[in-house]
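Structures follow.
There are two complexes below, and they share chain A, which is joined by chain B in the first and by chain C in the second.
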Partner chain A sequence: MTDALHILTPPFALAIGRQGITETVPIALAALGEVVVERSGVINIGIEGMMLCGAFAAALAAHATGSPWIGLSAATATGALCAALYALLVVRLRCDQIVTGLGLNLLAIGVTGIASQRLLANQPPLAPAGTLAGLDPLALPVLLLTLLVAWTLYRTMWGLGIRACGDEPLAAASAGLSVRGLRFSAVLIGGALAGLGGGHLAIVIAGRFQEEMVAGRGFVALAMVIFGRWSPSGATLGTLFVGTLMATQQNLQPLLRPDQIHTLYPLMLMAPYVLTLLVLSAGFRSAGAPAALARPW
Partner chain B sequence: MSESRGDTRTVMIDTLARRAARDLLFAATAVGVAAVAMAFTVAVLGFDPLRLGPAFLDGALGNAYRLGSTLALACPLCLLGVACALAFRGGVLNIGAEGQYLIGALTAAAVGPRLAGLEPWVGVAVLLAAGVLGGAAWALLAALLKLGRGVPEVLSTILLNFVALRLLEFIVRGPLVDEQSIDRESTAAIASAAILPQVWTAGGLHAGVLIALGAAVLLQFVVSRSTFGFRLRALGANPIASRYAGISTASLTAMLMGLSGGLAGLAGAVEISGTHHYLTTSFAAGYGYTAIAVALLARLAPFGVVPAALFFAAIETGTRGMQKLPEQAMQSFPTVMKFVAQGVVVLVIVLLTRPRTPLGTPDD
Partner chain C sequence: MIELRGISRTFGTLTALSDVSLQIPRGAILGLLGENGAGKSTLMNILYGLLRPSAGSMFIDARPYNPRSPRDALQRGVGMVHQHFMLVPTLTVAENILLGMRGVRLRLNRASREIAAFADDVGLPVQVDARVGDLSVGRQQRVEILKALFRRVNVLILDEPTASLTPAETEQLFASMRRLRARGVAIVFISHKLKEVVGNCDAVIVLRRGHIIHAGDASGTTPEVLAAQMVGAPAFATLPAPGPAASTARPPATASPPMLEVRRLSAHSRGIADLLDIELHVHRGEIVGVAGVDGNGQDALIDALLGIRSPTRGQVLMDGVDLTRAAPRERLRRGIGHVPGDRRRQGLILDFSVVENTCLKTFVRRPMSHLGWLSRRTMRRHAAQLVAEADVRGPALDGPAALLSGGNQQKLVVARELHAHPRLLLVCNPTRGVDVAATAAIRARLRAARDAGAAVLLVSSDLDEIVELADRVMVMYRGTLRPSTGSAGDVAAIGRLMAGLDL
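Moving on to the complex of A and B:
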């Protein structure tokens, strides 16, 4: 019991807070990208796979060059590349968005799995990316990005066009906008951010690539877009809940006896998904969804 | 078609035949592209695809035992594929077959050890019923979230898959753990009365194959010939029009979700009763995700699921055949190779069935 009280001490809470931010970063990046994508009227279930590809590319590039920053850049580029394929299928060729996303996720698991067994077997841990102002290196950038995405969506012509494509593509097209072009650009940005999130997962959180390491974070990000009612700040805030819970759960583990961990560990791993479902069912009213979401043009 | 003024029956049969031919062509294309993609992957990795081809076929169909394994693996894939096809046909995006399958296996494994002393067919029936109920209840959670709170089922079912996986681990290690087991990662064996009988001893094939086949035939009939099937197809084609036609879309959605989850749960119970006889924490193999590819390859026709399930089962057992080749790198190959095939099949089907440009939108 005295052990359990130790969780209330300031250093412990600070550790959870710091780690919570680190756990939040990849999900927040994916969610911010998805806000842009969904505001343009496209739903990208494939962000899970794009994160996975980003994680793989980051590990590969960081290993080859020794630089975590080149790794993160490679992750961003790879995410955008996957998104280009996705956009070709759903924006240009008007394929079903959900099914295409699921197909890409399966393909991503297969391709990264085979490639990592071939190229990344028995590699030493990756060089850490260090910290920025005592926090996760991407913590501050994510905060700035949240503001940037909000400003872009609500205060620029491009953002207005994106929102028009998501709510009433016919009106956008009548006004002379290229619905497909705008949606294509939104999907590329979403993929790049998801890829960066995956890269962060590999370089900052895990220090290496593992098969299926994204473990549903992409889907959690999708849920948090809904929870945040398609607003950038709402999405970032939602992911902060899940990230903090993940950090708490990891910090609670040392308090348990080994035999307890064996049975209780699965319950701890389950917690973020349960929280996501609870948050989704408590906060969700379909109001706020882009009217033309998932409708091809 | 419009110039044909013959009786409507001929026209209908003609369109049906044409649609069947098109579905077959699509499926063949998807299988062909997937085969090329697999051969390409293998070649990129520095192996000779022509040498691996025979090993693949040998692993899937080489002798009675391997053929039996392929057929046994096709059982859960078939039931799960029918579960997905049914839901997708009604426009209900149940991506949660994986979770419902795991919960079905869990309830079956929980009930199984308590069935000692029952008549064999009673024991099997109770075990399978437990699986159906478990899977259906898990699916109804998503239906409840959708109808009560407006949570899209695509997301809730995916998230529930992750919850189900961890719940299974917790229950197998905790409440249901077999105290005699050394690693504490498995439940006690089910009673012999709850074990499905063998139908082909040489191939080690259990009677689940008849259940899977029966379910596919029955649901094909339900979807294409019954009022319920008509309603579900209407719901899938146009939910708004269905509501105006007097179909209660909410209760139909819930019913479809429950039915789909029940079938997935049945698949889990069949695996426990026919193959594993007890549940371990390493039970999950992603069959619920494979089932999505199965259903799409079958073009959402329950009976078409049978050959589609056999195809993906053969990929799984065939890649196990590759594992036995001398090359070192092949030993960890199979588990991920199948995902390439599944992804390619899904993408090819989605590409072939993309909607034509509707009226009022600019043409390509």
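Moving on to the complex of A and C:
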């Protein structure tokens, strides 16, 4: 493993940084959406499924039209569509949010699995989306989105309503606000961003759709919302940490000797998730959570 | 000027409000008095658009007023400050006041300056950038009032605003009310504290069982008169001194040691005394009535006797055994029965079946269960027996208790508690919201329990009930308990104590 020392060289570190940003983008998009959702008092466990549906829709649309941008738009719309279903169930019909979210995840795995075998078998690689300022095409947009979400939550009347719904829905309702309407809109936004994140995964990171390709990133996004204490900037920073870990792990893989495939390799794949767990358990518990989180209205 | 004409409201067969007409001029404070369940909340919810009247009409400045929601009410200038504040504790004062207002952008700095200036202008200064959760209860209430005023409200409903305030905060509130009155705001002040109403209102209305039974200037009345009207006794002054019930009162069985003995019992919450040096004895075979306007510490007394709440000092003895620190279950085991004042929340579990409700206190023991397994058959047999005994009419034994009418629910609770032959029975407002036939049945059962040797403590805000049932009468006022000096039927003496006179 003497080669491992070259991780310390500037070019290598730069590559990890660049790739880390790319790995960050889909998780950050989902986490930013989830910040809005949770501040309104809803928890979207179905984020993973929404990302998966977004990824599938992106691949399908990009495959059909040849345009990565149409693919990303389709991903966003599909995420919002999934979210509309979710909101109908948990906001309008007051279903249990955890159970419904988990159900949505299973549904997404099944539907995209079957549909991709039918519609996307033997697909050629998708057209790449290029770069923006030498970085991932959505890197800068994610940065701007972080500011936009913060501005919306703290500097608009809608954001004030969202925050009130998450902490004391009764007070919001008595002030004449529609708690369900606000929560519905928050879930739609969360779903659209999760879908876009999934689309990024398919088009920018993988270049194709694979079954269950989200691989827990939705849950990492949920964890990073807690890590970031329900603030947009906190969520983005948290996902940058995880994204960098993922990129580091991927760049270290080629350094493995063949006999380490069954020992070190699985550990390295696990590392970002384990570190996420460790960080979360080290004092970042639910302190500061919206008081009415996951309580139907 | 806001005017109500012939407002009625029924819920099923229950008439909550019947033909209520009143006027509130601008720049006046109207006191609205009444016991729990008298119709105060129904009336205010109709005014604020939370309920629609079954009959009658409302007008603001001679224009028809038919609010369908609080939003409609606010638009017409009617605001309400609920007893339980509608504030978001994590938001700042300014954010809470702005919540639900029009606009896209939240310009917090500019709005904060406006709100601070407005608050100073109406004489309710407040720190606009403080988190509401960090403020005292009195300050939070000020924020609630500002929230309404900032929406250009000119009719302000205050629902029991002094219930959770310290005396100093209460004085500040009254000062604020006077300032608002001077600015032309009409205020409806809901309370059951008589002195507060007489001392701070221009006009007073007393509601009892959905009817207005008194309306007039506050200056022309006294706490004494109002107390009588609230609880339904004729004016004390005009009553012949000992009532008829007194002559039939049994000689108290004071020869034996008391079943319940309370010594210098005090309980405080947030530094306010809910109970102050309570001294009380209840002997076997007597009913001791605790009269008093609601909210003078009756709940605290019962909770302390049951062990739900621990006293700050004093002692509770039952049959000579000190139970001051005993757990509630221990007390029940020693033979305390309890008919709570709120049967829907404390007496029954409404979603549970009638069978399950009859076994709520006995299911852990044989014969209702054995080694942790419920014996459904025994429970059912027991329930069937209770229901037959108490003449509880309603749906099947396996149907939820929620389907029983109020009177039948109460009969079920009383039957359950009496079946265990309690040595000490604590009863709170046993016939509130109960029809005439069920009332008679429940009172007869309480008398029978007394005659069978139980010690009964009857807490009731219905003076008729106290006079009819009690062998001795005590009166609660602001956390203190005083014996009525006259006989049990001396309504005038009881009334004076209830109003806090004769101190």
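Just so we're on the same page, the second predicted complex is superposed on the first by the 292 of 297 C-alpha atoms of A that agree within 3 Å, B and C clash if a C-alpha of one lies under 4 Å from a C-alpha of the other, contacts with A are read in each partner's own complex, and residues count from 1 in each chain.
We take it that contacts are C-beta pairs under 8 Å (C-beta built on N, C-alpha and C of every residue); 3 or more make two chains touch, one makes a residue touch a chain.
Keep in mind that this is a model prediction, so the values were computed, not measured.
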item	value
First (chain B), second (chain C), both or neither touched by A:R118	first
First (chain B), second (chain C), both or neither touched by A:H262	first
Which superposed partner A:R155 touches (first chain B, second chain C, both, neither)	second
Larger contact residue set on chain A - chain B or chain C	B
Partner chain in contact with A:S174 - chain B first, chain C second, else both or neither	second
Common interface positions of chain A, toward chain B and toward chain C	170
Complex contacts: residues of chain A adjacent to chain B	45, 89, 93-96, 98-100, 102-111, 113-114, 117-118, 170, 173, 211, 215-216, 219-220, 222-223, 226, 262-267, 269-270, 273-274, 276-277, 280-282, 284-286, 296-297
Contacting residues of chain A [partner chain C, same complex]	154-161, 163-164, 167-168, 170-172, 174-177, 291
Chain B residues within the chain A interface of the complex	41, 45, 93, 95, 145, 148-152, 154-156, 158-160, 162-163, 166-170, 173-174, 177, 184, 289, 292-293, 296, 329, 332-333, 335-344, 346-347, 349-351, 353-355, 357, 360-362
In the complex, chain C residues that touch chain A	69-71, 74, 82, 85-91, 95-96, 98-108, 147
